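Note that the chains take the letters A, B and C in the order they are written out, and that residue 1 is the start of every chain.
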Amino acid sequence: MNSTLAILAILDGISYAALVFLVSVGLSLIFGVLRVVNVAHGSLYAFGAYLAATFSLAVAPISPWLTYPALLAASIVIGVVCGGFIERFLLRPLSGQEDVLQLLITFAAFMIMDNLQRLIWGVQPIFAAEPLRLLPNVAVFGVSYTSYQVILLPGVALATLLGLRYFLRRTLSGAVILAVTEDREASTAIGIDAKRVYFVTFVIGASLAALGGALASPTTSLVPGMGADMIVLSFAVAATAGLGQIEGTALTALMIGLTRAFVIYLQPEFEVLVPYLLMVLVLLVRPFGLFGAVQVRKI
Amino acid sequence: MSGRIKPVTAVAIIFFLVSAVAPLFVSSWATLFALILAKGIVVLGIILLLQAGQVSFGHAMFFATGAYTAAFWGKYVGGGDIVLFIALGGITSAVFGLIVGLFVVRYREIFFGMLNLAFSMVLWSLLEKMFHYTNGADGIRVPRPALLGLSFTPETFQYVILYVSLLAAVVAFYGVQRYLESPLGHMLRAIKSNETRLEYLGTSARRVLLIGYMISAFLGGIGGALVAIIQQIATPEFGFWTKSGEFVFIAILGGSAHAFGAFAGAAMFECVRFYAAAHLADTWQLILGVVLIVIILYAPNGLIGLRQRYGQAKQGGH
Amino acid sequence: MASVLLSAKGIKIRFGGVVAADGIDLDVLEGENLAIIGPNGAGKTTFLNISTGYLRPQAGSISFLGQEITAQLPRTITKLGIARAFQIPQLFLDQTVMENMLIAAASRLGSPSGFTALSALPELPEMERLLDLVGVKSYASRKARELPEGQRKLVDIALALALKPRLLLMDEPTSGVASAEKLEIMDILTSALAKEKVTSVFVEHDMDMVERYAHRVAVWNVGKIQKVGTPAEVLADPKVREQVIGI
């Protein structure tokens, strides 16, 4: 493997890791607060991607620059509408019930969304690469790459990481979320409205999944099944990091992204195997994930 | 205890009789019922683990193991017999279950579920990507096998496989019921309610769970081999996480309190899919999703819980 | 002199800053009922946890019938003949009382069957007798979940007896039982223990119970044994009266 390929692999890995991080951190955040693995998370990602494509194809004729706000708008719409619906009408009535029912109702949401997605957007691949084409290429150590993927995506991921840290550790709403994560009963006892916290957290987590999808939409063709692939991948990342670990999720996403990118260049048939093999190995040694036990503080 | 389960057993007997007789009148039901019975066998395994309070979100790996055992035999050895496929599928799966089980029985709840998922996704990736051996996503065709040396026409074969599935289902159902009422089965249920006490009685909870896990893998393998024969193909999708979710779905749909829940759930699931696919183009997943939501929200004990719930309401409903 | 059944030597354990055992030496003699008393947090339950392998001591050793059992698994120690009853009853709440008992019986017998019914175990009459002995036979076919706390406590003890132990460790056997019934239960229990030839160690707060039912008393105070003796000796000690009993 020559140095050009190595740089290409690193850049591929970083841009991929940025997207995976956005989705995984949403999943991790939701689990940290609600103790639910949201199986529909991948569908929120797929819906985010499809709606973003629809929006940006609609606004591109007016001005191609409008496609950027379109991506953001799509993720918020999906996060609030779909995420809000799932939390309010599916998960909330089940609070206090067995975990398997909560897990399974998000599985039902996954089935429904997967079906709706095919009904609404069809099964033909959709392309909406306008936002990608609009930004110039940059040269990194002599390798030309789209600045959308090596600057914008990692930038958004980094901003999300810092924003979440700031929100959770420096703001009142964040402190309330952390309090509920650490001790649900005690925080309800001191007057925290746990229902509201759950709702807000779920909507944030869902919006992050949708944002991941929206930002991914210019870089890939949208096909059925993209959501089902993404949920296991993001789950692998979140579980490997330790559910509820934000910084850990970022590092794990980077690690998996880079490993995967190198494997693609060296041994392409093992590409899909990498994250799951890593997950098995890590969980066998550290069931609480790589970063799960190190930081006592969850989230 | 035995007095209370009798109505369910009666329903089970009726169900097995119907699946033996009804397809004689409507030939398209032969395959439908065979699928219901085969999947019911897999879901029996999920119900076993649910007794111990553990949800496997990777059980499709055993289903796929059974299916691919039959497929590999056909591809690399050639020929094959239904009895051989079922036996091999079950045994290979049980051995695989023993190996995976040695790791996963150390964990509980979400960690148990996660590790199962991880193992199953590794298997899925291998099936999908080891194109040279597995034909990748296209899967491997499973040619129609013989039964104890006898070959059949496609028309007869659908009945042959139906009755083989029925026999396997009845035996599995009876065996699982016996197991759940046995000391080992009760110990399995004890893991859910008080693992500490079980250890303080001198019993290894991990060992009890490992035995349950192996049986559950064995059932998964048998079901997988049957489905591969019925559908004449094994694809990586058999081991994908959505398949695992489907099995848990069927268990909760039917009700995990009793072994018959597996077949009640499978019947509902496959019938909705069968008729929705025929009459409402491409919406069966949507309909099943809605059914599942309704069941979880309004009848969390599943279909077989409905009767008990109705009975209780009549008893104590003032 | 009676032989030594359980012997603890120099047991030490601390949790963070709390010293729960600071050099515990104690011999339990065959056939006796030994009471452990002491203020809350003195390390009484910790001693039971160490004796049954639930906790591993940082120093010291425990032997049972001359065999080293320090830091063995609870199930290994159980198999050797030490059973335990808990302060908070540990039952299989979703199963009936009789099923609870039969699971214990099947555990004791080892290599449980996966095919013949639990209710077909030949131990059934024996389990009925034990339930009768502790006075909860009428609950046999009820789910453990449906029992009131006091009755659960008795089933918990019956579960331990079902193991046919040489030594029974009980953590406050009469807490949670209405005080009017305490004497009755302890009468039943001690006569059952004598009849089954089971040695017992029990943690107790009620001095009446200790005086009435213990052959010897060990007084715990801040991780140490302050005094061991007959109930009369211990209760006569002014230091014990002041610091432990509070009179």
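Keep this in mind: contacts are C-beta pairs under 8 Å (C-beta built on N, C-alpha and C of every residue); 3 or more make two chains touch, one makes a residue touch a chain.
Being a predicted model, the structure only gives us computed values, none of them experimental.
Centroid distances from chain A, each centroid being the mean of CA atoms, peak for C.
Located most centrally within the structure is B, per distance between chain CA means and the overall CA mean. Inter-chain spacing, taken between the CA centroids of chain A and chain C, is 52 Å. Computed from the mean C-alpha positions, the centre of chain B lies at a distance of 44 Å from the centre of chain C.
Centroid to centroid, with C-alpha atoms defining each point, chain A and chain B lie 32 Å apart. Chain B meets chain A in the complex at residues 50, 55, 57, 103, 107, 109-111, 113-115, 117-119, 121-122, 124-126, 128-131, 240-242, 245, 248-249, 252, 282-286, 288-290, 292-293, 296-297, 300. Chain B contributes residues 1-2, 175, 178-179, 181-187, 189-190, 192-194, 196-204, 211, 215 to its touches with chain C in the complex. If you check the complex, the residues on chain C that touch chain B are 52, 73-75, 78-79, 83-84, 90-96, 99, 102-104, 106-108, 110, 112-119, 121, 159, 163. Across the complex, chain B is touched by residues 37, 39, 90, 93-94, 97-101, 103-105, 107-112, 114-116, 118-119, 228, 231-232, 235-236, 239, 243, 269-273, 276-277, 279-280, 283-284, 287-288 of chain A.
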